[in-house]
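What follows is a pair of complexes built around chain A, which joins chain B in one and chain C in the other.
Right, the complex of A and B next:
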């Protein structure tokens, strides 16, 4: 197994992933969807994980929350305040989940319990983890609903999810995740299912409240616009591996990896309205199957070298950046 | 809530009216009549009997007479059991059918849901396999085979319980209730198991697990409601079917319920009795459907709000 570059300041970080892999067992053997990912996230920071569908980003988050499907298994380490989430017994994990670690899911339409009032769903976590009396927990839930700008929050708390639009439901999810004032928020494409016009509002709301409570965010998305809006750092994931990571500004202005460059080129730009067609990255993203020894992007890469038959290690590349590409190693 | 029930009751009444009309005319379309078997009687006597039951009148007039009787709660005289009205016959048979049906549905509901729960929570464990085996047996073996087998073993061989009849108190109840409940235990446990497993995979259950509230609260607070809804949707009509009596059970165990009257009546063209029992069954079905909808509305706000 290739040893990834050790990262500095290991203890100062809220979350440290070390060689985190996620495998799914099935009849023909096993599929690796996340492959030896090492990342660090400091308290209060926002880290974006960018990649196409099938790049393993959601499964990475699920593995941290202990929510992998029955045939899924995570290996490596995921240190949250020095505690390895992956080896934690279920009861100990339940003390962290929904308390100092919470998650917003991708699909607001189905992620709320249709049979329970919004207020009760929000209050449930507070009552359970902080032993807050029900009335007080409900009052705090109403305050939080008001905070995410749900109109008439006191009445909304007595309503059921189906009485809200998708955008409102995602606000409820955000309120639910942030109500417990977690140290780390895992956000799985929270704006993908939303109307473009409200995506920005919801994002701003999220980062606003998170910065108030000092909550760090691990933000999974395929949308570079989202990254530009709220992330401090970005990691680009392809085929379950980190291709490149670094500070958001540099990653968005001068990406080094051919895939990251492609991703940026395929993002529509407002000042480019005359371009007749959006550029695309040729081929389809690989998903499933056994891990190949080669760089996973090699089959689609325009700058492919003979060396690409082996996976390039993730090496430091300039200040605070890392890159896994033979192309840059050559130059 | 009250307008909802009122509306459903009114719809149910219309359904019953349609049911009464349909059964009335279909019965008369079938060849033969209540007295056509009695070849020995002279034509004059035959005509007299038919006149006594108004069978000599035009069908439309008979229908009007029947509906008028219905509105006064009178189901008419039985043509087969002379001197008894259909009201009397149903009143004599219904308590037996109700008692057996009530206990059967109670046993089937409790045992079925418990087995389904055990199977879903310890999937592929021994409880799951045991429940699955009972399920297959209960669904695959018909009542008229399992009934006599149980009679042979428990009544004839062990001598614990009566073979049939209705005069030994609770001991008369055990076997019929068990045999009637068995296929329903099987079906309900399978249904509970699969809908529970499906419910556990719902996205909102994942949200609940992410809250760290522990598996017990996730199960009772977030999995159960969704899992029970299909079971309740099945239980409603099943209650009506069980309570109004199973013809097979009443035949196998020689019980004086309305199921046997129904078969007798159909074979003997006892028009009023067939109609009466059909309407009783239809009435129960409608009432239980309304009850089912009320329970579903109570559990699921989306049903309540009509979305």
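Right, the complex of A and C next:
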């Protein structure tokens, strides 16, 4: 199928997704969890992918890293420096993953090998992918641990994952991901499992290092507060489709899509008016099932029109913004 | 009026298992907590992981015995009640858990899950009356009566938490301890569950103990806020006074750390995060529990633990350097 919205500046972008879809085959047929997503990410930029459970935000990341489950399949194109990640042979993808692409997962405990010392786990990427001699790789690992403010980094490198707290493990994961100086970091809810004061530290650390090394970040989160803290741009995903995208500031001050507006209104703030009832979005997020011919948000939408029985195309909407909603122009 | 729930210098902890030659060691988790809770009121308990807030919640329900001090249910100490009477009184005191699906037995239908408290607390109720009550309570939490025939795995997180709430209110309790009831839910569902709890409170005069790490959620539901750090209360205050200006540096840091959906405000906060981590609860510092991370800490703070002190507007804080509010 043709791309819904041709985006400009194709070549200036580090990552260009074109009609990226993710499907899962099962006995009953096929479920589409990401549907024709087109996005661009420039070097050094932080792009937030916001959505609730079942929005497809994590599967989108997994598809880029070739980490979909066995019955998963990605279609469309994911151009990383002009190379389509989806059609790369496994060996070539593996080379990219160690050198230019890294990923941080939500749960730092299950992503670290419990039997291997932290320093060795970090150095492995450099040794394996960049043929750095072992002693030098270990020294760089220690330097990186120090960089992410692990106290007494030289000793910490000889410890095992269980000897670290949750916040420290996540910083170890960040150190590991950034050690290979990737051009693109994929972060899947990296701070959701952390305490708020530790989350603030980790977010600061990520912005700081990213701006120093020019690493671009694709940051998946459900928290609009986190978006405000770290993201330059944001795409709101619902039912596997982009509802709206644009600069984070515009999205958070004047969201246009009813879902984006609802998400912002239901996010509790420290300074909003105290009302007897909090604003809500009726119904529950979509999970699984076949793609609807309608807008996926239509069953929960308070502003539903007859036209919403067909999926609205994602169209330009103001400077650097796109919106997929039939209400566009009527509000 | 007698408070429905009261804690007096409550200290709770666990015993580490002793070895052949070593005696079991008592490790206190919650130190000397005191508060009173009236019907229709909500006490928000806030803190980060390991601060003892869940242990405190369980001790309030007498699921963990008090090591020192007392818990009082309508002025009575559950530890003094005979077994049979205690079982009956538990109908008054209910709990909602963080992981709503794990809190439901996967092999029972929701109808059976919901009628279990009735069988325990109101054994004289006929089968037909039980079914009516189950249908009523399902309706009350916003689920249709046919949910009674479903199993927990058929529910979304938000629906499962509604069932958890239904199970807690079916025995018409006086107090519900809500242990992080919305942290596992999607943002759009969190608000639905908080609204349901506030509606039920208004209707039934419920007292709620709302345990959470999210100060923004706590603000909407609580009348009184208690901030815990490493097992100790560092600040306790009426909601509005607290959010206008927390007195304790840890409470202020927590408030500051919750990211807000406001780009301008968050840009200003970038790089302002509090360094360091809290020490382990097994090796608490000699002085103030927050001294290792506190930007205001002096030698005094590292040596002498500040006592919880009263300040105007019915609030308390445990800090050597509180700037008294004007």
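The rule is short, and it goes like this: the second predicted complex is superposed on the first by the 320 of 331 C-alpha atoms of A that agree within 3 Å, B and C clash if a C-alpha of one lies under 4 Å from a C-alpha of the other, contacts with A are read in each partner's own complex, and residues count from 1 in each chain.
Everything below uses one rule, namely that a residue touches a chain if its C-beta (ideal position, glycine included) is under 8 Å from a C-beta of that chain, and two chains touch if they have at least 3 such contacts.
The structure displayed is predicted, hence computed values, not measured ones.
Trainee: Looking at A:95, would you say it contacts chain B, chain C, both, or neither? Reply first, second, both or neither.
Mentor: first
Trainee: Between chain B and chain C, which makes contact with more of the residues in chain A?
Mentor: Between chain B and chain C, the winner on chain A residue contacts is C.
Trainee: Where does A:65 make contact in the superposed view: on chain B (first), on chain C (second), on both, or on neither?
Mentor: first
Trainee: Look at A:41 in the shared chain and tell me whether it touches chain B only, chain C only, both, or neither; answer first, second, both or neither.
Mentor: The answer is neither, since A:41 touches no partner chain.
Trainee: Which of the two partners, first being chain B and second being chain C, lies in contact with A:160: first, second, both, or neither?
Mentor: Touch status of A:160: first partner only.
Trainee: Tell me which partner A:129 touches in the superposition: chain B (first), chain C (second), both or neither.
Mentor: Touch status of A:129: first partner only.
Trainee: One more residue to check, A:138. First (chain B), second (chain C), both or neither?
Mentor: Neither partner.
Trainee: Of the partners chain B and chain C, which touch A:118 in the superposed model: first, second, both, neither?
Mentor: neither
Trainee: For A:110, decide between first (touching chain B), second (touching chain C), both and neither.
Mentor: first
Trainee: Which residues of chain C touch chain A once you look at their complex with the stated criterion?
Mentor: So the residues of chain C in touch with chain A come to 48-49, 156-159, 186-192, 194-195, 198-199, 213-217, 219-220, 243, 253-266, 269-275, 277, 293.
Trainee: In their complex, what parts of chain A are in touch with chain C?
Mentor: 52-53, 149, 165-168, 195-201, 203-204, 207-208, 222-229, 248-249, 252-253, 262-264, 266-271, 274, 276-281, 284-285, 287
Trainee: Would you tell me which residues of chain B are touching chain A in their complex?
Mentor: Residue list for chain B touching chain A: 202-204, 206-215, 217, 221-222, 225-226, 299-302, 305, 307.
Trainee: Within their complex, state which residues of chain A touch chain B.
Mentor: 65-67, 90-91, 93-99, 102-103, 105, 107, 110-116, 124-125, 128-129, 160, 162-163, 173, 176
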